[in-house]
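Here chain A shows up in two complexes: once beside chain B, once beside chain C.
The block that comes next holds the complex of A and B.
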């Protein structure tokens, strides 16, 4: 009887295999081995580590310079942890989704640790500089095209973000360049995102 | 007495490990977040607002001049030649930057810039520093 109890207690005390992969991923990430970290976090997610693991994998994608995949993996909702929100902002920034990046940083600004807060501040300054000039019509066209492409590729979340960026940038111009089209694309992307969500 | 021991054992199995497991999960997540925080920094490349026309122009320029997978090294030579003509200086720099970006070689890009600058100043371009760290 005591032996059996010991075995049960020991097995229950042992950390789950998903956590082992999270820890392996953390070590790899810290060492700059982002491809390895990505695999570990994805395995952890498959083993039941939940949506957190997905966000960690998205952070690894940011480091691997695959921002669009990272944006799609982060999903539309803000991350609970400010560090993850910083990475979501980075993903948006690298995918040229400047408004998305700035919104994410603004919302999490008071919650960062001192070092990340400095980085976030610098990133916001860069975004402001990028958006300070005149917005060219071609830029808006580019976002609309990318939004359509993302929708066609079955990535409505990403399509929505591009449509929002197109609307935001178009709205900064006096002629509100292709604002109506951006609105229509937003609606289309939202409907597609809702349909995808319902299928899950 | 036996019932008390059994109840204590049950509590030990059911309650304590559950909290321990929760702690483990928390510490694993804590480890990951610490690792993420340690690497949280801005990327070297600064994306700019897209411009479909110039993006396409750069694509064509890169394809014609350097081939689909043009390397920064070839861009440097091209840029250096173009840099002899003052009016082409900006185009040369842009060509070097574009191809360097494609090759993903930041050090080569810096070397490209340096060599283009050397030519602009009338100096012979320095040779590529192959296999050595800057």
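The block that comes next holds the complex of A and C.
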């Protein structure tokens, strides 16, 4: 994804103490050295590079096959940059958060360049195929369990996404499998997320 | 639950925990770090923090990248160098002869040697690396130094690389202290985090821990067939017909401090035959004792009293003192037992007056060697018994070898037991034409127990005895079998 480098370089126009690390991270990312890129982006964030560094670090986590951490790092709001939003969708998809991925892709579809748009289209088709089959009760159970686990691990944002996915998938079944529990978990996760946000 | 069942999987858990580190390790660059042209301590601190955060999540490769950069920017940073060295050692890329020696010592059961190697590292100025903390904790656990083992294992449990193995041993410690609830929770935690055999071991231990309680009651109902009912001492000769049997047992166990310390058991049993009324048996008894443990070595002293009623009339009662223990040797587990029992037999409408002559002391002794543990166990033993009664021709000395094999499955157990006994009576018996009676017994039994859930289990048992005697007509064969249900409930 060379465009990510362009995005990062463009953000460096206002040079600061953390920008060297952002640039080094971008170079490592382009060279496929994703662990190094992640470290540089995180150091840049510690040195005051702002929320962009966090999103770049999340993109590196996607490449390192750590999607849940990436989803948590991206946060609930869509990324301003469509390329980063595509990475957010990828993170959701890898974390099996299909609804989250589909929503992100749908919202950003008009802003993608031609190549990313093609990839996004293929990914959405794949998501539709996955969701068109019969939803097993165990799948809903899995999402609820992951949501609870994420809440207990102090990641309410991730917990909320899993709860939403559980509610969405449960609602596709005739028996609305564990929909009430999914609703309760969503409420709990929202409250925890709000409390976390207030502490910040 | 026996202590053996708990101790048995520890070696597997340990070996597998070592395997888990290696299997889960990511490739780490352990080559020499070239210093940057200009040091930057502030950036080095940021790299160190990022490295620590990654390391806490078990992301060793990313952590190593950060630590290397911290060293590059601040070559004198001791924390960064120590952390990178620790990661490289864990991944097997940095030679550490002392640590390797400690690993070998633990694997071969030389815990004192492991402690002497690991002790200075553990007590050093810097916090010990998790692998050292784990090995040190395991060695202390095996030595029986539980408080110190707990401190070391809790340190190891803070690291993702060693948390699962440490949880298993923390669970074993909790179990040893009688806290089965905490033990089950630790095993469950290890089960959730670990993979493969370590997870399976943790799961099995968790199931055992949930059954391990301080106050338990057990009820058993059985039905079966005894092919030679009349073998109760002195009542009649062999050869009576067999009969269907049915009965039940109730028992209670109290051990307020868990497996170590004082305990008391009490119980009763009823066994009746369908058509032969005189041999309906009732047994009631109780025992109190104290169990000492240090590491895998154990010693138990016990006083017991019991009584038997036959055909609803008092038949015998006895006081017994028993000491038994087991010691881990480098090549096997050595067990020993000694007991003294004062038996009194009582004449009644069913038991003839001469039954009283059997009264007297009985002394038992046994030595055994055992191998294996966990899923398979074999024990070879040699036992002897000396009975002194009021008349020499009713006294005896017997002895002989035996063997017991156990195969444990996740929720069932199969036990095979065999024993040879050679018995010689104490004097010529006028009733047997002045001969000194000499008998040989071959005993065998197989039992299978299947757990249906946490409280219910089903068992089937079959066995037999072939007796040979130098007295004509005293040879006999006895075959028996029974099946039943056992209900066990933990009340505390």
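The rule is simple: the second predicted complex is superposed on the first by the 185 of 200 C-alpha atoms of A that agree within 3 Å, B and C clash if a C-alpha of one lies under 4 Å from a C-alpha of the other, contacts with A are read in each partner's own complex, and residues count from 1 in each chain.
Following the convention adopted for this analysis, a contact is a pair of C-beta atoms (placed from the backbone, for glycine too) under 8 Å apart; a residue touches a chain by one contact, two chains touch by 3 or more.
This one's a predicted model, so the numbers in the text were calculated from it and none came from an experiment.
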Check the residue A:64 against both partner chains and state whether it touches chain B (first), chain C (second), both, or neither.
second
On the A-aligned overlay, A:47 touches which partner chain: chain B = first, chain C = second, or both, or neither?
second
Please determine whether it is chain B or chain C that touches the greater number of chain A residues.
B
Which partner does A:174 reach: the first (chain B), the second (chain C), both, or neither?
neither
State whether A:81 touches chain B only (first), chain C only (second), both chains, or neither.
first
Could you say whether A:130 touches chain B, chain C, both of them, or neither, answering first, second, both or neither?
first
First (chain B), second (chain C), both or neither touched by A:199:
neither
For A:38 in the superposed arrangement: first (chain B), second (chain C), both or neither?
second
Chain A contact set shared between chain B and chain C covers none
If you look only at chain B, which of its residues touch chain A in the complex?
9, 12-13, 16-18, 20-21, 24-25, 28-29, 31-43, 45-55
In the complex with chain B, residue positions of chain A that touch it
5, 8-9, 12-13, 15-16, 19, 22-23, 25-27, 29-30, 32, 37, 41, 52, 56, 59, 63, 65, 81, 83-84, 86-87, 90, 93-96, 98, 113, 115-116, 119, 122-123, 126, 130-131, 133, 135-136, 138-139, 141-143, 145, 169
Touching residues of chain C toward chain A in the complex: what are they?
43, 46-47, 49-51, 53-54, 57, 59, 61-62, 65-66, 69
Which residues of chain A touch chain C in the complex?
21, 35-36, 38-39, 42-43, 46-47, 64, 66, 69
